[in-house]
Amino acid sequence: MAANQPLRVTIWNEFVHERNKDAVKTIYPDGIHVALAQSLTRQLGEQVQVRTATLDEPQHGIPDDVLAATDVMLWWGHAAHDRVADERVDAVQQRVLEGMGLIALHSAHASKIFRRLMGTGCMLRWREAGEKERLWITAPGHPITEGLSGEYFELPATEMYGEFFDIPSPEELIFISWFSGGEVFRSGCTFRRGRGKIFYFRPGHETFPIYHDATVQRVIANAVRWAAPSGSPYFGQSRNIEPPLESIQRSHLADPSLHRHG
Amino acid sequence: MAANQPLRVTIWNEFVHERNKDAVKTIYPDGIHVALAQSLTRQLGEQVQVRTATLDEPQHGIPDDVLAATDVMLWWGHAAHDRVADERVDAVQQRVLEGMGLIALHSAHASKIFRRLMGTGCMLRWREAGEKERLWITAPGHPITEGLSGEYFELPATEMYGEFFDIPSPEELIFISWFSGGEVFRSGCTFRRGRGKIFYFRPGHETFPIYHDATVQRVIANAVRWAAPSGSPYFGQSRNIEPPLESIQRSHLADPSLHRHG
Amino acid sequence: MAANQPLRVTIWNEFVHERNKDAVKTIYPDGIHVALAQSLTRQLGEQVQVRTATLDEPQHGIPDDVLAATDVMLWWGHAAHDRVADERVDAVQQRVLEGMGLIALHSAHASKIFRRLMGTGCMLRWREAGEKERLWITAPGHPITEGLSGEYFELPATEMYGEFFDIPSPEELIFISWFSGGEVFRSGCTFRRGRGKIFYFRPGHETFPIYHDATVQRVIANAVRWAAPSGSPYFGQSRNIEPPLESIQRSHLADPSLHRHG
Amino acid sequence: MAANQPLRVTIWNEFVHERNKDAVKTIYPDGIHVALAQSLTRQLGEQVQVRTATLDEPQHGIPDDVLAATDVMLWWGHAAHDRVADERVDAVQQRVLEGMGLIALHSAHASKIFRRLMGTGCMLRWREAGEKERLWITAPGHPITEGLSGEYFELPATEMYGEFFDIPSPEELIFISWFSGGEVFRSGCTFRRGRGKIFYFRPGHETFPIYHDATVQRVIANAVRWAAPSGSPYFGQSRNIEPPLESIQRSHLADPSLHRHG
């Protein structure tokens, strides 16, 4: 990617609770996607080009041409995971394998796309008591922690998520949360799938103003930059390599009668 | 698991090539599953109780009660991945998450169940030239290498599989293969998903007598023992923990108006 | 290892606090090493052959012949890390690389041998308030969690250890601790070095009766069995392989003038 | 790090073979460090500020103030590992933990600093036949592979390094090498230690013009950018956190008689 091209970010939101629950509407009057878009644009300026997409749009707002023009996707879903078409999940998965970054936020742990990419159930313990969460940094020096000055940061009132969190072992564990009520959680986890980078970030919940928190916003902006496509191309297709790259010595070849097909 | 209970092993085979190709029939007259069953039984004796299952049986031979009574499953498929019912794939995945070991052999890299558990495409390069393969051990001391005395072992004539192999980064990389024709491959890879252990093992192909090779047989027997269910229970279900495990101090609770639902 | 040979376990203890502090003497009258030895013997019976070794013995009780006859070593140290001779640290490290398991307990995080094997500082936050610790299982199905029936286990009064814990990313993260006072900690971590397996287990401290706790004892016994030497030999020496394993085609060889030495 | 500050790179070279062997002098007349410096400067321009340091300079050219002013260090050594003062190795290790990137090249596998950071012996198999090496990419999408367009790249004549390579399991495995003579090698490996990033890159050897190869140069330049310090500060010091961050409930505190010291 040329250094002077903006990152093309698509923020996906099911956009359900913000329309049918007053408590949520108060916090995110235009939807979580718009709050996230404003935060990213304010922080990253011309480094990003942000668009949003929602469940009720045709093809959920993410037809193939939008996916093809997306470098990093943020995913928020909670109440309507099942309404996401499998065909679109297939398409997003394929784009991730090809190199698109994916940032799964909070309840997106149970989204079809996150579960698909993990291969596990991705379930967890939870409680909605509005308790304190403290996120400890376990990977100082990781680009996703850029700008965080302490050993931890806090959210005063959150929904609790607790272990056991049924994910594959994260490749990098960035944050572990402590909750007042007695639980812990792997709250910042990276994974690579194909050529794509994935970041799961726990903080959220639509009934708390989590995405108005400056540190949470900073982490998400960091993650967008970290998850940008990079490196060499994706060679994900099956391919027959005949003849061999090297000429194979006769002595290294089996009796051809052994492997003749049909 | 009690020490004196045999491991219950189910060997699954699509059982297609051995019936419709003479070259394969010659090598595995009763099917690859039977060759593997004989090898396991000969090596592990009363430590295992082996059964087989094939595609054409009702529910592919793996109805729920068979899965429930299986500790470790071996999976061979090549020509008929698409004929495996999604509903059975769901069931096998769930059993792996609950603790069943899964050993995916050779062309099972492209099976529905392996791709489901990996979350990636799992494709690779290949060539059927019958060339020499040398498997180097990169994790000495791993139980799966028990009984191997050298730095590597060889197979005189194999189908080549080459990188890029589109899997998540293995948790443990046990073998890397060298091929005469110029390729390398991550040939022995472990993964954990939920409570279950997974081992991918490259050697195979129905047109070579790979599963008659003593070292290959030994590695598979080792893997069966390694993949046996162990440890604490699986808490894979979503669960609300209210009230909190700890009484939460008033100062740690949000204004309840913030998080009232509905 | 033959199935009927007992595991040879050496429990190393600096054995300082138990002799010079009454509070510790009350809890471990014969030393932590003896308490651990009794627990292992009681649990594993004829599966193990346990000996102990302490700092003040000649060569700290671990001369070469003892190391050579040790399959798994437990290490406890707190007040006298600096008094361990570097020459013995070298010898223990070498034995780990060759396949000896090592279980580093609690304050052994700061021991020379653990820091040597990690390559990092291994420091952490701590507090001696006697607060509650809850250890959540993040790797159900791992042999080290065998016999634990719940999602977590608790210790009513412990010294706190908190993040940031300056270790390399663990290969398997088995437990994460929650502390009443507000911290979290990666409390059960596995690592492989050479052919050897390493388990760091946080619970401990000489002023609490942690090693009299049945669950802690169980985890340590599980870890001893998990850390036992296994698999293929260790090829840790540098070695020149000439001539090549394969005859190299002329076209693959450089102009010899390029690489003639001297 | 501010976006407009150049990365401060220090290239360390023992600078022995280039002075006492004609074959090496021909390839690197001013030393490998100068060849690397020219390549980095040509590729990264004002993004970097490059200096070099060699064994024979006072404090090996890397006194504390140079280390403090270094963001990424490259390390080349082969014939004189033992002549590097332990005191300087301590200092470099500490700087890596604090965030300095380290790129260990080829025979630096056996350097004191690399072995210190790994905790293992880091030995390997080798052969100086000038054979072909093919490096396969196993982590497409990793920033270190930026600009590589194929599935692999080749070096026509190299010293062979073969498995078993006695390192901890790499956090990311970027390249696996194939050699004509029959070996494989984990040739591009990343590790994190403390706040610092480490990249081991196999290609090299002083008797082949490896560091004049454009792809090798590109990978090294990519690695310099990847290894730059980033993220949150390093909290590597032991620290007592009293009083607790949270007020601990009376019921969570042990009988103080239990943990009174002295």
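Here the chain labels run A, B, C and D in written order, and each chain numbers its own residues starting at 1.
The rule is short, and it goes like this: contacts are C-beta pairs under 8 Å (C-beta built on N, C-alpha and C of every residue); 3 or more make two chains touch, one makes a residue touch a chain.
All values derive from a computational prediction rather than experimental measurement.
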{"item": "Pair joined by the larger number of C-beta contacts - A-D, A-C", "value": "A-D"}
{"item": "Inter-chain centre distance, chain A versus chain D - centres from mean C-alpha coordinates, in Å", "value": "30"}
{"item": "Inter-centroid spacing, chain C versus chain A (mean Cα positions, whole Å)", "value": "35"}
{"item": "Chain D, residues touching no fewer than two other chains", "value": "125, 134, 137, 139-140, 151, 162, 164, 169, 171-172, 180, 182-183, 192, 194, 235, 245-246, 249, 252"}
{"item": "Chain-level touch network, classified as line, ring, star, complete or other", "value": "complete"}
{"item": "In the complex with chain C, residue positions of chain B that touch it", "value": "99, 134, 137, 139-151, 171-172, 180, 192, 194-197, 229-235, 245-246"}
{"item": "Complex contacts: residues of chain D adjacent to chain B", "value": "125, 134, 136-140, 151-152, 162-165, 169, 172-173, 176-179, 182-184, 186, 246-247, 249, 252"}
{"item": "Chain A partner contacts - residues on chain B that touch it in the complex", "value": "21, 23, 93, 97, 110, 116-121, 123-132, 156-157, 159-160, 162, 164, 166, 168-169, 171, 180-183, 191-194, 205, 207-209, 235-242, 244-246, 248-249, 252-262"}
